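Read through the structure below, which is laid out as structure tokens, and then see the notes.
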Amino acid sequence: MTAGNAKPYRSRNKNEIARRAAADIPEGWYVNLGIGLPTLVADHIPPDREVVLHSENGILGMGPVPTAEEVDPWLINAGKENVTLVEGASLFHHADSFAMIRGGHLDLCVLGAYEVAQNGDLANWTTSFNDRVPAVGGAMDLSVGARNVWVMTSHTTKDGQPKLVERCNYPLTASSAVTRIYTDLAVLDVSPTGFLVIDMVEGLTREMLQGLTAAPLRYA
Amino acid sequence: MTAGNAKPYRSRNKNEIARRAAADIPEGWYVNLGIGLPTLVADHIPPDREVVLHSENGILGMGPVPTAEEVDPWLINAGKENVTLVEGASLFHHADSFAMIRGGHLDLCVLGAYEVAQNGDLANWTTSFNDRVPAVGGAMDLSVGARNVWVMTSHTTKDGQPKLVERCNYPLTASSAVTRIYTDLAVLDVSPTGFLVIDMVEGLTREMLQGLTAAPLRYA
Amino acid sequence: MIDKQVKDIAEALSGIANGASVLVGGFGAVGQPNALLDALGDSGLTDLTVIANNAGFEPDIGLGRLIGKGCVRKMICSFPRGSSTFDAAYKAGRIELEVVPQGTLAERIRAGGAGVPAFYTPAAVGTQLAEGRETRVIDGREYLLEYALTADIALVEAWRADRWGNLTYRGSGRNFNPIMAMAGRLTIVQAQHIVPLGAIRPDDVVTQGLFVNRVVHVPGGDPPVSRVATAEGGAK
Amino acid sequence: MIDKQVKDIAEALSGIANGASVLVGGFGAVGQPNALLDALGDSGLTDLTVIANNAGFEPDIGLGRLIGKGCVRKMICSFPRGSSTFDAAYKAGRIELEVVPQGTLAERIRAGGAGVPAFYTPAAVGTQLAEGRETRVIDGREYLLEYALTADIALVEAWRADRWGNLTYRGSGRNFNPIMAMAGRLTIVQAQHIVPLGAIRPDDVVTQGLFVNRVVHVPGGDPPVSRVATAEGGAK
């Protein structure tokens, strides 16, 4: 990118996207944070707001990342990272854990995405029908089970291709699942009439955002 | 019955039937004892033989009937009677309890019966299609789930009608479920070719037993 | 701060409408949410569908009272015996009955809570309870299709509860309570003891707070004793 | 006297045949029955079908080693990433793979243990994992038919075990272990601690002994630590 193309806006970095999403989680919600970027949301939930974090492998009530002294090697999250428990936490097996997910008992899951379509279709598990090794984890269960499904993602791929599209090209994780999207540029709802922009970063114009999005945008 | 018809044999009483059945339960079996007559089996398991007793309402490892001093009002069996726990006992919920039953993890259930057919069909939940109040409890789950299904019953009804029949007249609890029958007169296997008498009470003849049974008998 | 405890039974039961479906925990006298049921019976609500293992026992207590007061239009249960109020209502044609095998009832409720809309079971195949219904042969054995059960309300009795709604049960008081807590759209708990958050260790939580909406403190005491050993060693 | 404890790993694994199906507990490094898997990898068995969440991690340990030694013909799992031995075998076409959504995998195993031969789930509907498969619309929503999973063998890691085979787990070590214990026709447990009968309180038993066939004492120590907080408050 040459100096002449300097952007008139600053994209949100990962922690800023996470903070923006965290700000929208009401007290008392039961929330599953997907592997990778969504995990960062945990660090940005206001300390005076009780939000209960769920992990697929049988934990409800995860706390902050442990220090070297407090680490319990027997306690990991779905991303296989060591975690802590807060007061009120509980432990259970995988079938009970996915009963919570599939049964609609989680208020929210936050997932990453390769693509999100304007009808809420989500593609986040494989980028081709002949991937290196197909691996799906819990994404299909989470995206059909949680009451709200939020996506955290960069607005475009590294080479500038839009990830918000009219129709997904990659294999689907779930149909009509995503309810809201947090990107480095904007926050969008998936409405019955397509993408609805809730807010966007300062300095970004509607035209610029539309240019980086492969589906029509409306504004709240 | 007149004096001239005095029987040349003595029928087993309830506790004798229970003792006869208990003697056949191998050490280490997981056993559910149905409400009523089958419950008596627990009192006759030899004290040096570990048999683990299951109750549908979430108990594995029931012990003897409590004394007034040791009774725990919070602990009842499927017959709604107060029970005790032995060392090694565990408590769980109804879905887990019937997962044990339906999943084939019980070695044995012992049930009462109105009728047993020579192919193992069991009728034990209602004696008419217009019963006072239909009520089935756990009998249908137990009789299709346990690896062995034994019936304890009087050989005939109070008015002398056979309960072991070619084909059940009463509504079925389960098809081809019963594997063995303990009556006041005999012990019978349900074999691929019908009822097979294992033993019978002293003084009873094959002709007498056949006369009290509405299906052909063979002898082991 | 999350705090699911409500101040009294009236608040615990607020918002229940005529015609609601209600899951009721308990088996025998143990684990019955009788304080909630008694108040529901006095509420004047009508046309309730109640899903429970039994149809109550004592006419003045709990489910028996709820039925006696005419609140219940339909019972879904496995063993509706021993309830004089149910017997009377059933014989008079004032109450509908759906009899379900106990294990099928438990699994339908668990399925409801777990987001599984239907499943197959070997129980009741070939019986009058399966007449006219859909079956399927899988690996050579015939199974019956059963649908999940959920309800507008679940009424649960617990031993300990914390402000998140985490629960434990005592003795055989678990029975249907944990799975009903999962399957209720509004799950209301009467708890013998309210304990501080963290007092129930993570391994010991039986029902997680995410299944629970309201908790009311009801230190109700012990259920009645039904059977003790006689001096001769048998049971009375 | 019931005593499910066996003297060593060789006895624990005796009788497993080529071509057996094997459920393997664990999620990440926690709750993996690695001592059993290592010995199985050295056994020379072939054509195993392994059902597990992952396909192993370290090439010399546990499931990674079992695959590396060429014992496994097919993997059924949700997330076979991070295993160099699996990657190599998969790319070389030496191993079959069935990818199953994690919650469907858990429910299929639980169904297998619970005697439910098949059920419906919303997961994977409309995706390539559902292509050509049977679906059913229930109350206006489309669901996929899924069949139960059972296996010849289940390998489980537990924290405490008694001679009846009652088990507890530590931390997130429960994961798939309790449901796999239910679904194995021969369930073999490696336990960190053997405790006297009665030491595990009735309320605390997570896996009941009736699901367990053999227990071997393997005081294996802690799993490796993967992430701790840095001085700056983030994670490494």
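General observations
Here the chain labels run A, B, C and D in written order, and each chain numbers its own residues starting at 1.
Throughout what follows, a contact is a pair of C-beta atoms (placed from the backbone, for glycine too) under 8 Å apart; a residue touches a chain by one contact, two chains touch by 3 or more.
These numbers come from a predicted model, not from an experiment.
Number of steps on the shortest path from chain A to chain B, with steps defined by chain touch: 2. Looking at chain A and chain C, the chains that touch each of them are D. Chain pairs B-D and B-C differ in how many C-beta pairs they share in contact, with the greater number at B-C.
The centroid of the Cα atoms in chain C and the matching centroid in chain D are 33 Å apart. Each chain gets one centre point, the mean of its Cα atoms, and the points for chain B and chain D are 37 Å apart.
Centroid to centroid, with C-alpha atoms defining each point, chain A and chain D lie 28 Å apart.
Among the residues of chain A, those touching two or more other chains are numbered 91-92, 95, 98, 101-102, 145.
Chain contacts: chain C has residues 107, 110, 114-116, 121-122, 203, 206 touching two or more partner chains. Screening every pair of chains for touch gives A-C, A-D, B-C, B-D, C-D.
Partner chain D is touched in their complex by these residues of chain B: 27-28, 30, 50, 52, 54, 60-61, 85, 87-92, 95, 98-106, 145. By the touch criterion stated above, chain B contacts chain C in their complex at residues 43, 55-59, 64-68, 71-77, 80-82, 91-95, 97-98, 101-102, 129, 132-142, 144-145, 171-175. Against chain D, in their complex, chain C makes its touches with residues 107, 111, 114-122, 136, 138-139, 141, 143, 147, 168, 203-204, 206. Residue ranges of chain D in contact with chain A, taken from their complex: 27-30, 53, 78-81, 86-87, 90, 97, 99-104, 106-107, 109-110, 121-129, 169-179, 206, 222-229, 234-235. Those residues of chain C that touch chain A in the shared complex are 1-2, 110, 112-116, 162-164, 166, 182, 197-198, 200, 202-203, 205, 208-211.
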